[in-house]
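Listed below are the structures to be examined.
In the two complexes that follow, chain A is the common piece, with chain B as its partner first and chain C second.
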Partner chain A sequence: MKIVGIAACTSGIAHTYIAKEKLVTAAKELGHEAHIETQGTIGTEDELTAQQIKDADVVIIAADIKVGGKDRFQGKRIVEVPTHIAIKSPKALLNKIEEEIKK
Partner chain B sequence: MMNVSDVLRADRIALDLNSDTKEGALEELTELLYNSGALTDKDAFLKDVLSRESISTTGIGNGIAIPHGKSANVLETTAAIGRCDKPIEWESLDDKPVNFIVLLAVNENDRTGVHVKLLSQMARKLASEETCKRLVDAKSAEEITAIFSE
Partner chain C sequence: MLKKLQLKKHALTGISFMLPLVVASGLLIAIGNIFGGNPDVITNYKESYTIWQAAVTLGVYGMSLLPGVMGAAIAYSIADRPGIAPGLLMGMIAQNMGAGFLGGMLGGYLAGYFVELLKNHLKVPKWAQGLMPMMIIPLISSIVIGLIMFFVIGGPIAWLSEALKNVLMNMQTGSKGVFGAVMGAMAAFDFGGPVNKVASLFADGLLMDGVYGPEAVKICASMIPPFGVALSWVIRRSRYTKSETDNIKIAFPMGICMITEGVIPIAAVDPIRVILSCSIGSAVGGALIMILNVGSMVPSGGMFIVPAMINPWGFMLALTVGTIITALLLVILKKDAKQEEAVVLDAEEEEVDLSEIKIS
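Right, the complex of A and B next:
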């Protein structure tokens, strides 16, 4: 799968970045490609490009707060989870999404 | 070049926390931050940290917790690290107790600062199970700083 996503947590200090790292690592290990933008205290980093979004099979929003720029994903399949799901079991999350997409 | 050692001082790393409760450990680490000049008001900071804890767990699994406080009482955006011999119940994501705590202290007005970025880099390291294991097993403050600086 080609995945794009956003990670954002309440304080924007810790969970945002752990969630991103977990998702990217799990995706790599499972043979997917993932680009995850972080929206934290220090602002937006690794901002998704229009091309990345266009190519993506799915959008994963791992967030505990409202994220910015969701309009970029119009017409895309979007999966929204709290950050702790991405941190606790990133591989299970990706496997489940892959299964859903195949249906 | 920014380095994690800019936010992680040896005198803010304690390898022998005495507490066997979450509140106790957070108090000890807050004390460490206060005594080393990072806070103006330790009670207010602790209150911020505990209020963050009440929203959702900061126990991210693999024996590690990453509590944090963001407030005007923080003079210097930094971190305190504590390890305890007796594992502490932390309602972690993997249901396992915690014995390695990374307490992040962020100055409320330090929104784009390099120090916040360094803390986020530290948090990223904790996504790796391997790194978590090495931190829990680390023998000295220097070793911990080195692992975070990689």
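Right, the complex of A and C next:
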């Protein structure tokens, strides 16, 4: 799968980046490709490009708070989860998503 | 239904917008008070004032903006941009009626949902469409929710806030200790998870209403788990595997910055003993904080903001005692780690219920 996503947590300094790290690593290990944008307290980093979004099979939003720029994902399949799910079991999450998409 | 409203997500968005403001304001007040010897807030700008007075005054301005920012951010989270103006106004009403944090939150929710309602159900002719976001929505929602705030819910919430504040301020030593212990245990219990967030939200709310103890409990209890684990590793290294040791080396500096989450990998392997040790240590730390009248005007920042606290030595004492208790409990309760366990650590993923996840 090609995955794009957004990570954002309440304090915007720790969980946001842990969630990103976990998702990207898990995706790599499972043979997927993931680009995750972080919306921390510092602002948006690693902003997704239009091409990345266009190519993506699925959008994962791992956030505890409201994220900006969701309108970029119109027509895409979107999964929304709290950050703790992406942190605790990123692989199970990705497998579950893959399974759902194939249906 | 409740789930669909996503109340928690909106509250967390509010907290997330509020945090930088409250950290800046709290530190300004603390710095001004430490160096300027508790100077007065500037009331007359025609007279001369010192730089420390300016710092404290700016901090006080910042604190009084908090319910407004909270209300605006919650309404923004619910209704997007059109929520900001009415949310801000509802927060200002709450601030000035003495309904503080609770009022700001409630005002934000009401404003947000009402704006959302208007956006979805109010149909205007085509020529008036441009007026919707610019005039109609902000005006109507400010009037309707504003009237509700002023005449219906503002008063009772102000009374409730005042009552809660009085109870907490006038607690006797015994109940202070119990309160601190419960807060501390909650804050440490799930290392930054939902239980911690409840305690944290409560402490942040009280901070806005001028009660500083619970915030210090929260800070202390967020640092005791990583410090305690690190100390227990120093005392008895055989309790931890190689990869756990690596995690502890990351968890400790994170702990200095008041990030508890570094302990999660340690707790994931041996949850009951680790959570028990951390909660008990933090409960003792929390109780000491309350009994020693430690307070913090700043909600986050870890060791770096300790000098800015009320009674910093009391804080250090509580932190040290809590850390030692946690460490000793870990040494006593935990068994020696089997080194081969390190191999399976890659499979440390927790079982999480994914059945509710929907792909839209």
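The criterion applied here is as follows: the second predicted complex is superposed on the first by the 103 of 103 C-alpha atoms of A that agree within 3 Å, B and C clash if a C-alpha of one lies under 4 Å from a C-alpha of the other, contacts with A are read in each partner's own complex, and residues count from 1 in each chain.
The rule is short, and it goes like this: a residue touches a chain if its C-beta (ideal position, glycine included) is under 8 Å from a C-beta of that chain, and two chains touch if they have at least 3 such contacts.
What you are looking at is a predicted structure, and each value in this text was computed from that prediction instead of being measured.
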Inset, instruction - Using the superposition on chain A described above, determine whether A:K20 touches chain B (first), chain C (second), both, or neither. - result: first
Inset, instruction - State whether A:K66 touches chain B only (first), chain C only (second), both chains, or neither. - result: second
Inset, instruction - Using the touch definition from the top, say if A:V58 reaches chain B (first), chain C (second), both or neither. - result: second
Legend entry - When both partners are placed on the shared chain, which of chain B and chain C touches more of chain A: C
Inset, instruction - Examine A:K91 and indicate which partner it touches, taking first as chain B and second as chain C; both and neither are also allowed. - result: second
Inset, instruction - With the two complexes superposed on chain A, say which partner A:V81 touches: chain B (first), chain C (second), both, or neither. - result: second
Inset, instruction - Tell me which partner A:S11 touches in the superposition: chain B (first), chain C (second), both or neither. - result: both
Legend entry - Common ground on chain A, meaning residues reached by chain C in one complex and by chain B in the other: 10-11, 13-15, 18, 41, 64, 84, 88
Inset, instruction - Within their complex, state which residues of chain C touch chain A. - result: 9-10, 12-13, 15-16, 19-20, 76-77, 192-193, 197, 254, 259, 261, 300, 349-352, 354, 357-360
Legend entry - Sites on chain A touched by chain B in the complex: 10-11, 13-18, 20-22, 25, 38, 40-43, 64, 82, 84, 87-88
Inset, instruction - Going by the contact rule at the top, pick out the chain A residues touching chain C in the complex. - result: 9-15, 18, 41, 58, 64-66, 77-79, 81, 84-85, 88-93, 96-97, 100-101
Inset, instruction - Could you pull out which chain B residues touch chain A in their complex? - result: 52, 55-58, 60-61, 66, 68, 70, 93-94, 104, 106, 111-113, 116-117, 119-121, 123-124, 126-128
